[in-house]
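Just so it is clear, A, B, C and D label the chains in written order, and each chain counts residues from 1 on its own.
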Amino acid sequence: MSSTRKLTGIFTPNVVPLHDDGSINEHELRRYIDWLIDAGVHGLYPNGSSGEFTRFTAEERQRIIKVCCEQCAGRIPVLAGAAEANVTETIKACELYHEYGAAAVAIVSPFYYKLSPESVYAYFREIAIHSPIDVTLYNIPMFASPIDVPTIKRLAEFERVIGIKDSSGDMAFMIRMIKEVRPMRPDFCFLSGWEAALVPMLVMGCDGGTNALSGVVPEFFRHLYDLTRANRLDEARELQYKMLELFDAIVYSADFPEGLRVAVELRGFNVGPSRQPLSESQQIDRAALSRVMQCIIADFGYAKPPAEGCAPRTGKIDADRIQQITQGVLARLKERGAL
Amino acid sequence: MSSTRKLTGIFTPNVVPLHDDGSINEHELRRYIDWLIDAGVHGLYPNGSSGEFTRFTAEERQRIIKVCCEQCAGRIPVLAGAAEANVTETIKACELYHEYGAAAVAIVSPFYYKLSPESVYAYFREIAIHSPIDVTLYNIPMFASPIDVPTIKRLAEFERVIGIKDSSGDMAFMIRMIKEVRPMRPDFCFLSGWEAALVPMLVMGCDGGTNALSGVVPEFFRHLYDLTRANRLDEARELQYKMLELFDAIVYSADFPEGLRVAVELRGFNVGPSRQPLSESQQIDRAALSRVMQCIIADFGYAKPPAEGCAPRTGKIDADRIQQITQGVLARLKERGAL
Amino acid sequence: MSSTRKLTGIFTPNVVPLHDDGSINEHELRRYIDWLIDAGVHGLYPNGSSGEFTRFTAEERQRIIKVCCEQCAGRIPVLAGAAEANVTETIKACELYHEYGAAAVAIVSPFYYKLSPESVYAYFREIAIHSPIDVTLYNIPMFASPIDVPTIKRLAEFERVIGIKDSSGDMAFMIRMIKEVRPMRPDFCFLSGWEAALVPMLVMGCDGGTNALSGVVPEFFRHLYDLTRANRLDEARELQYKMLELFDAIVYSADFPEGLRVAVELRGFNVGPSRQPLSESQQIDRAALSRVMQCIIADFGYAKPPAEGCAPRTGKIDADRIQQITQGVLARLKERGAL
Amino acid sequence: MSSTRKLTGIFTPNVVPLHDDGSINEHELRRYIDWLIDAGVHGLYPNGSSGEFTRFTAEERQRIIKVCCEQCAGRIPVLAGAAEANVTETIKACELYHEYGAAAVAIVSPFYYKLSPESVYAYFREIAIHSPIDVTLYNIPMFASPIDVPTIKRLAEFERVIGIKDSSGDMAFMIRMIKEVRPMRPDFCFLSGWEAALVPMLVMGCDGGTNALSGVVPEFFRHLYDLTRANRLDEARELQYKMLELFDAIVYSADFPEGLRVAVELRGFNVGPSRQPLSESQQIDRAALSRVMQCIIADFGYAKPPAEGCAPRTGKIDADRIQQITQGVLARLKERGAL
């Protein structure tokens, strides 16, 4: 019942492409997975926040894991998001994903209700005892009940609990966790879900990251990871700085994860409409955001700039959207000889 | 397609009794509903936060509404919590609950992700257009994306949206809503989910409340409501003051809604274990809390005090628990002649 | 050493008019005080948040109190803000303001550092023991360390502590305080600093308010207070609703208390420039805000509308500013025959 | 008017020793400064949050800077905290501290009122224009109005503004600042005030730190800094981990900065009573905390353990206090032959 290997490297919390009628586009999902593997990511993390797990039914969540496990087919490990409505349902999902061949499951702390540390402990304890598959805790305090350091230590006493994915972005919290847990569990893995601080997280002892942006520029993340591991920090630092503009455009431009879906689209995948409806003004915003992001990704060398060229960017996404739209309108007017 | 009546009075967001194996105890749920109706509540609100709707499967949530509608059988209206994983599933639930005979549905703002007002609008807009049954918005900013006043105004333009249940506890917010919405929609109903300020909410224009505590002391809430409506404010104020100790014991003593479940138990219902597991220390705390609450409810005249009597209370639930346990131990020692 | 009278009614936390060089405009301050007294406010509360106490030197704060006490000359009581850098300096201020003839002092909870309840207690305890003048606690959790209910109870044991001014705006908190403290100290006074909920606060047991807006429309506040005390709640409720637009324009339109200063200016007082500098864009915003506020105050009947008339208002102050400016420009163009 | 040197390395935000009557103990302050310089810190930062600047009068704050400048006497630079009640007073302090020979001033963002970025800009702009001495911004969002990245960029256009001290502890924020500001101002200095993440902050581009703990274990901080600069990251990482226990004991054990004062005392300085009074129970807690901290500092090798020995520590300071007190009691009982 021991864990056979440690989760290390870049895990992509993949988005789920949808058909226009809202159903899962399995063909596109499989094509996307192949592309991610080819680009060098170390693992897949379906049914995470990027994957909009709360917007699917229980049956759909199962289907997503099945497709991911099938398509990965052992090429890279699948860390399967397995949180369901309650402990019993979650354990059933653990059993199923074990059958499907997932390497481990990731379970977000209970959400909606804000639970105390003792309740968070009681919840994961039950799962740790009954799960037939290795479990990673998923701490994302902006969305779910926080998992504090003493609770992590208590849970690390269960062999089944093999790691934590932390999306708090709190460097000192990560250092504190590693300091407390690693001596008692040298095999415990620490994954950071806050790519805006990925290089320093790795430098201070993290084993890897589960990073939404790695679903957009996987080559870049693999490179950043390899440089950091090779202790080529001057180069890694530059990549960390460079990543910020894309990060901000994806995370702060629209209600997460819609900005991420826009970006994945620009890499050539038909992600389709989100399950969270967009108002009319949001649809216009999305189109403008797409143009700006195309310019950003073009700077990474992973996309062509838009036909009308790229307006200078200010780092403020709202202003950039308006600039880029203006540039597009001017370009079209010129084409027509109107300017 | 117009709404035939306004929701007014006290709606009880009922807990769901469970068997020891975690399945729904329908018999006890029906018995509890009958008791609530006999005690004078004006309506039922199943699948709310008190009803732990997130801890049930979609099928179970449906079953709960079916049982509630059947058991109420038109005696009092059912305001059915209908939020599901996404807009499509939520609309399906609206259709089903319409068939079941619910008076209206209540739909919590999207949670987990923190959505912008524009996204909250887009979400409810879709439901307002397609629901065959009247819709009340459910604003509970401590758990879900907030619904702000401009968004409420925009949504009040849909005839299908007939009201809001607000659990923010923010008096000024409620006044602002009523001021903005009532002139354009005199039929719009405002229900407060924060009983610690229920009397002033009613005085300032609310139509009623959806109050967890009304599931524990329904007679008391009916009385408080009637007094306030009769403008007997001096008496109503005293009840409002009196309510606070029970409110604090229920809301701040344990992770909500476990304290509520303890209290309902004391009124003679077998609520069974929650779906959120309790650690060992939490189980001990729960037993101690139950004793203190029995003393509080005894002061309302709705329960006998515990056999060992009631220790004086300090208003700090943690201290009170220890005091009451000590009193119990001393009482038992005396019984045995050891003191 | 007992307090001779309870503080009741509307206390105005007055702004401090300044000369263009930033020094205190005593003449205008005295004229303003006379006007407030004539308009019927029950007391003055200088050196509050509205009075920008933190932006004056210790010497200036003393001077402000001296001028206020002199000018009130016993016509209405002065509740003097006396918080200084530390306990020793604060007690010195208490002594001085006692000499000046203040009725009581108000002392804000320590700020900058966020102190624990035990530290807040220790701070006020020291003052309660040594102050020669009655003390009211000032709870404003958005700016300073919160004073919780158990701490208020402990401090209410000191005869010298005679009340609390609470600007939390939390109705349930106020009810809880009154319930806990009034039985042990029937003379303790509760003043609400959140006028957006003033009527229900009074209904539930408050003795009065310390309300920034009463420095702009004192007649209106006196009327609202009198109606509520006379139990004419239907009328009082309408005034409470009506007040909201002005409240929002003052509190949410600019960094507090700049909006308040703009409004006082419109009642005919030369408040001069704030000590917090305004950027160029803020100066333009301020001019636009002034126009909108003039329209709002005109609706109260206390000012003439601007010469160019008033554009319809949306309740969103940003939009309203642009509308009103446009209206002004159009009016001027028409005047000149350009339209 | 250009800045002659960049601030780099470890700056100690020193506490201010007091006599029993609350007045400044200048002799002890001078002795402490000498000790810090001998231990290798790169600079001094008086009148910071650790120095309780808000608890002194304006005159006392001046005196503190004078003593620090005199005592440093050019051996290390003094970064003088110069924030006063308003812009005019702050500029006067800048002028005075320039005369005193400070290397630069540090000015905290306006506090009490929560100001918008535009107001924060307007405030610092005025100071940047008029100060005769270089200015560093001080960002500490837990206590004062936050200074956001666009505002920092705007302020970096003033030659007089030469750096920022950031105590947010937010790694991604620091990376974002450096990325945005360094290209336009290569001389701009970035100092981190959150020592729990000091090593990664330095790795990612910071020039140094202003760290309260460096006032307790200056030798350790100098060593950590030198190792990091020498790229000996494996060793630096161990020191970063080791530092956490002391950090937590100082920052989370008592209302900041009382825990820091306790720790400085243990290095042999008579810091005296704080200006924030302690309740009786807080005085007992302080004594217990002192024992635990003595054990922690003994582990660093900078103090002898207490005579009664050190109880094993759990990392939870509350539990540790009780353990250590128990150990002390047992030791004394043994001494007397009672055990």
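Things to note:
One rule holds for everything that comes next: a contact is a pair of C-beta atoms (placed from the backbone, for glycine too) under 8 Å apart; a residue touches a chain by one contact, two chains touch by 3 or more.
Keep in mind the model is a prediction, meaning the values are calculated, not measured.
Contacts with chain A and chain D are shared by no chain at all.
Each chain gets a centre from the mean of its Cα atoms; the one farthest from the centre of chain A is C. The centroid of the Cα atoms in chain A and the matching centroid in chain B are 36 Å apart. Put simply, the C-alpha centre of chain A and that of chain C have 48 angstrom between them. Multi-chain contact residues of chain B, defined as those touching 2 or more other chains: none present.
Applying the touch definition to every pair of chains gives A-B, A-D, B-C, C-D. Every residue of chain A that touches chain B in the complex is listed here, in rising order: 22, 49, 54-58, 85-89, 110-116, 118-119, 121-123, 125-126, 142-144, 255-256, 275-279, 281-282.
Residues 150, 169-172, 175-176, 178-180, 194, 196-197, 199-201, 203-205, 231, 233, 237, 240-241, 244, 315-316 of chain D are the ones touching chain A in the complex.
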